[in-house]
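Labels run A, B and C following the written order; every chain starts at residue 1.
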Amino acid sequence: MRLKPVACAGALALSLGTLAACGGGGGGGSSTSANSSRGPITYVQGKDNSNVVRPTIAAWNKLHPKEKVTFVEQSDQANQQHDDLVQHFQSKDSKYDTMSVDVIWTAEFAAKGFLTPLEGSLKIDTSPLLKATVVSATYGGKLYAAPQTSDGGLLYYRKDLVKTPPKTWDEMMSDCSIARKNHIDCYAGQFAKYEGLTVNAAEAINSWGGTIVGKDGKTPTVDSPQAAEGLGKLVAAYKDGNIPKQAITYQEEQGRISFEAGKLLFLRNWPYVYGLASTEGSSKVKKTFGMAPLPGKDGPGASSLGGHNLAISAYSTHKATAVDWIKFLESEDRQKFFITTGSLAPVIVSLYSDPTLVQKFPYLTPLKTSIDHAVPRPVSPFYPAVTQAVTDNAYSAIKGDSSVQSALKNMATAIKNASSGS
Amino acid sequence: MAAVTSAPADTPSHHKSTLWPSTRTYIGVVIVIVWGLAPFYWMIVTAFRNVGYTYDTAFWPTHVTMDNFTTAFSTKLGNHFGRALLNSVLIGVVTTIVAMIIGVFAAYALARLEFKGKFYVVGFILAASMFPGVALVTPLFQLFTNIHWTNTYQGMIVPDISFVLPLTVYTLTAFFREMPWELEEAAKIDGCTPAQAFRIIILPLAAPGIFTTGILAFIASWNEFLIASQISPRPSVAPVTVAIANFQGSVPHQEPYTAVMAAGTIVTIPLIILVLLFQRKIVAGLTAGGVKG
Amino acid sequence: MSVTPMDATTEEQQGKRKRRTKKGGDEPDHRIDPGATRRAWMLLAPTIAALSLVIIYPVVRAIYMSFQADQHLDPTTGLFVAGGFAGFDNYTHWLGQRCNGQACATGEAAGYFWDVVFITFMFAFVTVVFETVLGFWFATIMNKKFRGRGLLRAAVLIPWAIPTAVTAKLWYFIFAYDGIANHLFGVHILWTGDQWPARFAIIIADTWKTTPFMALLILAGLQLISNDVYEAARVDGASVYQRFRYITLPLVRPALMVAILFRSLDALRMFDLPFILTGGGGGTGHATTTLSILVVRQYQVGFNGSAAISTITFLLVFLVAFIFIKFLGANVVETEESYSRKK
């Protein structure tokens, strides 16, 4: 009798446990009936800071009163958005119909069977879209998501100190003498040990013709002379002081603040800096900065691709509505709205040469060049392990704790082990 | 068991004055205050500073603005801070009251009663504090999804209670062990039931332990982030920790430090009030009726 | 309703206690009252129920998962399939640092598993020591009677009252390269980038934040000591140090041991502060990664492997608690009646 309370509590916990292990009830998998089924759906996205989602949903709901879209707003943190999606997918939740998926998660989710391939009656037209964005949404030859917004790297520079922006990396390094003369730092990107370092390291490797993984998303190709040359440029710049010592702790914000305070000559960052640097009260470079495509080996460098894709959950029960919603978000009108209201770069190629847009957002021109030469970060179902391999080793190489050769070799080993279920 | 029942600890000796502390104490006080408040001061200065000048290192307030506070409370930007404050207070109060009641029951049993299996119960309660909190989140989320407790208050209150229970039970048990149970015995002889004796005699004597544990339980619930962010992130139920983590500048990648500092400043105020209200009870002397603080 | 001082009983009980501790070993209790047992379990039921729901289920599930292999790709479909039973593979992966049968390369977290264990224990030990010493000192000051002590007590508690996420961001900001810390002391330390500066940054921030917790618990413990005892000792000529060592320390011991025990358990599971302040980085890239950060990092790579780290952490923490209770006497099992019975 003494044991009763414990046994009761334990049994309660276990029975609830088995319930949970079975997973919640869910919609059908990829049944064709769901493919043509219509009805209200949900749209899941991280925090809508730029306030573009709600007006968009309102516009859609007016046109489709019987197939309304409900906004499910996640938190602001990328990792939490990822884990939240995974948890709902794993419990086969049919209440998550469409979602905004970071470009680096698409392959992972596709390989786990969470997403509905966009083929057959769910096909969308990818011809007006930026090539690199389509690549990021493709896995195993199938399109699993539709590009929604894009993002690429830009080179911000001080046009009062450097008349024309450098076209190649070596040119930029020789411009560092100007920085030294003015007692400011030369170049910074994002080198702290986080996803931003994968972005920067990938840009260096890709700009010199290297690659990180093969087409299958799991075979490492990073241990190559081209990759060594590319990564070596970053390492040499840090060693020579052309990249300041403290940049090893820089995420996006620190670099931006240093640049705006006039302490940095060249900055690699995302387009968001444009608005802040030209309007913020504390910016000392309001009228004296310009933007250019990233410098590479013999010309523009290969920018990493940011942005988000739109996906349909494998467990959605109203997929026909879902794909129409996605097409709506990819329409020219909506893409224009995204950039004018939210400063979110569009995925439709023609918009980059639209004169009104270019006038309002001068960064569109260098951005288009960057994205034209963009290489998505490794499209791999093992992306979390791949990015860890790249970040850890790039950090170590840049800091000088290991040679470029051994860093690349370790990257290759780590990536290989990740996919063989070590 | 020593000296529980004589003059309270706060009574000064005959040799020291009651109002002016000795130099040593005074120096100690200054160090303690500087230690506790210097970073807090920096937080306040930053809270009032214009976001463009976040990294300004002037010690005194410069570029003063109330913008950060309005940003924090702005529902237009989706920050929902006002609502989050109410949620945190509600969750904190309920958690504390329930945890204290349950904890007092448990501590009485552990301190006062002899029974089989006690060693294992004590071990079990302690073991509940040994598992990394980060690993509890996902299984709890799945469990709560199945019983429809996501985005509810109980989805946060019940885990919060469980997290503070081990410390609560252990502290209260340690205190109850030091209580003069003979007094309880005497009262029982005089005709009180055990419950009455406990409530009238022991509880007041254990007041410092109880109030201390209560404050710690409240603050622990106030601080909780992981569970709340995963299980109840919706603004109608989310507590301040989640709301602050979701603060956004006007563009992605931008980090609103100054708004976060403003929120942090605001969040501290209820707790300061709470402590000021209860700080006497923490150092209450042990003579009944003697609130010596 | 007044309480009469009972000095005679006090001394007698002091004597009893001394004899009890000299005895060692437990006497079999001949008088377990079945009514008491039932009452005890009823009183404990809510606690056990709450803990079972929230803690037992996740722990059992994590342990189960730690014996499963992570998903791997089916080469023909390109889709993930379940990994199946893994035996102790996950454990040898972490504890033995074997990656696919060989030693792990940089970029594979298992390669620095034991570093992480060291870092976790180092943080826990250093912060607990600092916080206990400082907490004790603060508690004695908070105990004193003088004008404005209410404000002092509130001021001491402020660091503990600010949500950890805000504190972490505040210190991130104080320790930035262009931040106030470097400015104030005229140095250029890369607080979040170099190995030991990053570790000190965490230690400083954690000590600032958690000392009030220790101070508060110790202060409560100090309330149990009457001034008369100090008076008697002073009259007998005992120095400040002697009074501290022979009166304060033994009498505050129950509260002190609970505080140290729980603080240690929490410190070993430290997550929020290092994660937000340094991201677990610094030095070669993982100078401030604790076991809990490793759990979170690994969760996206493979959650079964991550469950193994959680279980290992649990066992390590259990070991520490065991040592505390067995050898340092942080024991709350015995009751008043068992004291009085051991005359």
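Note that in this section contacts are C-beta pairs under 8 Å (C-beta built on N, C-alpha and C of every residue); 3 or more make two chains touch, one makes a residue touch a chain.
Every value quoted in this text rests on a predicted model; they were computed, and no experiment measured them.
Novice: Which chains are joined by the largest number of contacting C-beta pairs?
Specialist: Looking at every pair of chains, the most contacts join B-C.
Novice: Farthest from subunit C in C-alpha centre terms, which chain would that be?
Specialist: A
Novice: I'd like the Å distance between the centres of subunit A and subunit B, where a centre is the mean of that chain's Cα atoms.
Specialist: Each chain's C-alpha centroid was found; their separation is 39 Å.
Novice: How many angstrom lie between the CA centroids of subunit B and subunit C, rounded to a whole number?
Specialist: About 16 Å, centre to centre.
Novice: Which residue numbers or ranges of subunit C touch two or more of the other chains?
Specialist: Touching at least two other chains: 37, 41, 44, 48, 53, 57, 61, 176, 178, 299.
Novice: Hunt down the residues of subunit A that sit against at least two other chains at once, touch-wise.
Specialist: 2, 16-17, 20, 83, 257, in rising order.
Novice: Would you please write down the residue numbers of subunit B that are in contact with two or more other chains?
Specialist: Within subunit B, residues 54-55, 115-116, 138-139, 143, 245 contact more than one other chain.
Novice: Quick one: which bits of subunit A touch subunit B in the complex? Just the residue numbers, please.
Specialist: It is residues 2-3, 16-17, 19-20, 23-24, 47-50, 73-77, 80, 83-84, 87, 90-91, 252-253, 257, 261, 270, 272, 275-276, 280-283, 343 of subunit A that touch subunit B.
Novice: Any idea which subunit C residues touch subunit B in the complex?
Specialist: Going by the criterion above, the answer is residues 1-7, 9-10, 13-14, 17, 29, 31-33, 36-37, 39-41, 43-44, 46-48, 50-51, 53-55, 57-59, 61-62, 137-138, 141-147, 149-167, 169-171, 173-174, 176, 178-180, 183, 208, 212-213, 216-217, 219-220, 222-231, 234, 251, 254-255, 257-258, 261-262, 265-266, 269, 271-272, 291-292, 295-296, 299, 303, 306-307, 310, 313-314, 317-318, 321, 332-339.
Novice: Mind pulling up the subunit A residues that touch subunit C in the complex?
Specialist: That would be residues 1-2, 4-6, 8-10, 12-14, 16-17, 20-21, 79, 82-83, 111-113, 139-140, 192-194, 216, 218, 245-246, 248-249, 254, 257-258, 381-382, 384-385, 388-393, 395-396, 399, 401-402, 407, 409-411, 413-422 of subunit A.
Novice: In the complex, go through subunit B and note every residue touching subunit A.
Specialist: 50, 52-55, 63, 77-78, 115-117, 138-139, 141-143, 145-147, 229-230, 233, 242, 245-255
Novice: Inside the complex, what are the residues of subunit B that reach subunit C?
Specialist: 1-13, 18-21, 25, 28-29, 32-33, 35-37, 39-40, 42-43, 46, 54-55, 57, 102-103, 105-106, 108-116, 118-119, 121-122, 124-136, 138-140, 143, 158-159, 161-163, 165-167, 169-171, 173-175, 177-183, 200, 208-209, 212, 215-216, 219, 222-223, 225-226, 240-241, 244-245, 257, 260-261, 263-264, 267-268, 271-272, 275-276, 279-280, 282-289, 292-293
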